[in-house]
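Before we start, here is the structure in question, set down as structure tokens.
By written order: A, B, C and D. Residues from 1 in each chain.
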């Protein structure tokens, strides 16, 4: 117990950093759930592909740590752009391959879940077999820096060196900590505004409220669904870069656990609720850290899931309730 | 594989091509060249048993490649005695291991197995191999209990956790002269077992412990605990994936304690994951740094386009024990088992002899150090 | 349905109160959906409950069937308060209902839908079902008899093996009534049963409601359609903004100034029909 | 009707039927009724009783003989066929249990592996690690403990509605695995060895067949001892599991055609309406959970006593997802469908080991394709097929074209 109090600031900041990543990935789950009432199981792979895109950009540019600040910023922005583009693209592909036909057929939700699970396996495996795929198309040697040790951890060479900024309660808050938390909040605010103010955003809300009525009012439902996947994918791409800045490695199957956690965060905050996703992420990140500190890291997931159960029992629609999604009678 | 096949035999060619893909051995060539003269070596195979797919695939592939290299070199040197390699991909799953082990004992051509790779699958496959009289040499399963089950076919070429753990503790106490040790494990059978032994051996010097989960990427709570304990060394029992992440996050948080790990981390993947943070890490391993290693290293790199990784060298040794036996005419399970039990020879990792439980008799634990991005030998650790 | 006594002819006058809504208020956040509402449904009568949209009719239904708990006041059925009884327990007491927007079990057959209603009073458990106990066999037989009888009464006997969602709209409405009647209720609550019906169908429905009453059931009817309510009800209660503004026989209600003001000359019937046809 | 292959045929022709019948009839009801009992099924139903029973009997005997026959196309070339058959059988059992929860009651349980684990751990902990109870005692104990745990988990969980249930059950599944992993008393990461095997009675020996191309030879060197539950010979375990499957199938049928089955379905269709029609929905959901747990625990207990060793690795979250995939791919709500689904999920990856590293990729794509082109499942519930036929008829009428 005293350990928790003595290191409260450190546990809090690192918990928030982790929570920010959860929150950004959770946005993808929450948006798709809000619009389609479907659990987009493969969203974790959208994130995973984004993380590789960011890694590959840094590999291609080969920037060493400690470069001049404008170079560092440029590389990071390029990596961000690549991650968002790839994640957005994979999300759109997912919508096309795993969902569109089922949505048109109005198939049971469970079937869409299985479709997404299949897509998730396939996407993760493709990344895990990327060396084989490269060999197959005869580019194994050319692509070596991008495809080697395909089943292993791949390191992200962060061009930005971690530096302490200021010290609070015995913990030196680093530039990376600040960047991650601030960007996550900014992205969330931007998304919130997007959904409130833009035409597409209004469309997303309309479809989430009542898909049929929205269609009658001239909203192109299919376009809105695509936009939703795209936006969720872009957020996952941003999350991927932030994740790499903090944790430094990615892996073909890294998405699965993160996806489970992010989905938990989305439910915790109130699935379908954009602000809830980030709040859920923060709560989950903090709970994991505090829980680990109190009873040991081996119990962190147990703490996280128990917290989820308890919150759902007292607030059946999550902390902030469902807002994108319709209140079902 | 030749593609200049005469018309009229395309089907046969396809069949050959397919089966060649399946076993990746020289089996078919031998059959088609109308063998027979090979006499004692006809239709002999050794097996690799362990993960080739799934989450543990990378460790398994390291081992398979070691075995593959040994078999390929053997076949090249002994044109009249071709041995094929059967792969049993358990995905590290004890459940799948049951069926595969049963399959292996049912295939009379398979007379020896390198594996099973992990302790869990050993637990289900071990009794089956014992029943089928099929000798096994594991290159990687380090659970001390495995040799105590009375399976007379069981062997391994590396020291178990009970020999390595105290050595790591000795090193921490005598060489690093650490007074405050923090022990972390990954809750795997391997890591937790090892950490427990280190914890016992280090006694009062242990200032804290924590357990992480394999697959976890955020270790902030653990890092915080290490830091606030004021430890000057951290022992981690587990594999290189988590080790890389842990040490990187420790260094990022400004923890300077010496990072001590065991053979599960002796892999280029550790340095790949940790980058500069890996510098100075101490890796204990019950394996010699042999002169032959250079030759092995080069051959391996040429064959697989990557440096040998965790347990590749052990697998190479294990396979060679069996291959030597086959060359001596031990081409059935019973005689090969006897050969292995009586074996004594120089491997690239150690001098190999087995005691009656199948444990290696000469275990010397060495400490390695990460310097300039390379894992280099540091010194032998005296254990008593 | 031999258990249900065929009651004598309508008690337009002073039957005993079967259901009493006593000073019930219910509040959602700041909104008072029901504000001190009281009325009785008397044994054997057809009571119409009317009011403009949002007047609290369906809320009233939901309080009676246990979906909502009243913030204050209470509902009594056959003399005993409903209290905090669960919804299924209230059904077993003898209150059954239909839904404004049809809520059948779409992927079950018509017969199975009605059997679920008949099961309300059954006690078969897993052990009975697994070993085909005498209780299971008796209840299955009795349930099927009840279901078939009710379906015949509603003219659905030939549709028994159809999936509910494949029935026509009118049939689905009747199937909802059949399912509710199979629970052997004393009080049957119909929530806008005529929504989407044309005049001919409405006439048939009026006839049906009377026949249901003739089987000894008490009927509580929520309707938009004034002509239907006025035509079939023995008495009518009017809600507006969560308050009861009138109660009496149709003739009184028709001339009640408060009611006229509430509907303010709009030709409710026409408007409804148009909405329904959309 | 208890032959799995009959509904398969029926399902496989479903796609073509509506188109061919649209033009022929103005009485859709009767037509659909006719379509529903199709071709082979009808022929079998029409057979005289003794012939029908003989046919069913023959099929059952064939199922039992599978590990001895080792039919070339069916047999797995790269792993022991008996062991695969056992794995398939335990998946089938699990799928039948999950079908009660998911198919009948409509509760998405992503933590079903938890029950499997509780069953397995009960046998292992009380049979080897902490006590040495007899196998005959362990199996009922495992089932009872799993059922109780199902009720204990269900009681809070089932108050959570709809899709939230998925994540909460997933959480509980993980909690069970992590608890086993981190608790010394439960064997922790090392797992538990020496799990008791079923008691053996050696009665007689059965030879296996060996195939040379298309000709079968009786192989007198390869014999299975009946009924010895040994280490290497997997056939007896398969027979045990198959027998349990038949019992569970019978029970499943009894429940389905009763008040209990109707209550589950009504709850799945519309929980509020069911409650208002006098169905105590919470009680029935809990009952579905308990029944599902019962079967899952039984399967886990068999698994542990076949395996002789268990560790937490065997109960990964991924397995829960495979179980759900088995049920949905096969056709949730149809017991023959989920059996097919379990066979697809458990058997195909073992049969096609030749794909090696590409195996999981192919499996993922197969799931994707099945879900998209067979959304109603391989063998959908009869009612779904019927409803779908009507929908397609309507579509076809609206579009003026026949869609196949």
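As a convention for this text, a contact is a pair of C-beta atoms (placed from the backbone, for glycine too) under 8 Å apart; a residue touches a chain by one contact, two chains touch by 3 or more.
Since the structure is predicted, the reported quantities are computational estimates derived from the model, not experimental observations.
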item	value
Most central chain, judged by mean C-alpha position against the global CA mean	D
Reference chain B; chain at largest CA-centroid distance	C
Chain centre separation (chain A, chain B; CA means) in Å	36
Distance between the centres, which are taken as Cα means, of chain D and chain C, whole angstrom	42
Interchain centroid distance [CA atoms averaged], chain A/chain C, Å	49
Rounded Å distance, chain A centre to chain D centre (Cα mean)	34
Multi-partner residues of chain B (at least 2 other chains)	57, 187, 211, 213
Multi-partner residues of chain A (each touching 2 or more other chains)	298, 301
Listing of all chain pairs that touch each other, if any do	A-B, A-D, B-D, C-D
Chain D - residues contacting chain B, complex	76, 78-80, 82-84, 87, 178, 181-182, 188-191, 193, 222, 230-234, 303, 306-311, 313-314, 350, 353-354, 356-357, 359-360
For the chain B and chain D complex, residues of the former touching the latter	18, 21-22, 52-54, 57, 88-89, 92-96, 98-103, 105-106, 119-120, 123-124, 127-128, 130-132, 143, 145, 149, 187-189, 191-193, 211, 213
Interfacial residue positions of chain D with respect to chain C in the complex	29, 33, 251, 254-255, 258-263, 265-266, 269-270, 272-281, 287, 291, 381, 383-384, 386-387, 390
Residue ranges of chain B in contact with chain A within the complex	55, 57-58, 61, 187, 210-213, 215-225, 227-228, 241, 244-245, 248-249, 252, 254, 269, 272-275, 305-306
Chain A residues within the chain D interface of the complex	33, 37, 39, 97-98, 101-102, 105, 107-115, 117-126, 129, 132, 256, 260, 263-264, 267, 271, 298-299, 301-302, 304-306, 308-309, 312-313, 316, 328-329
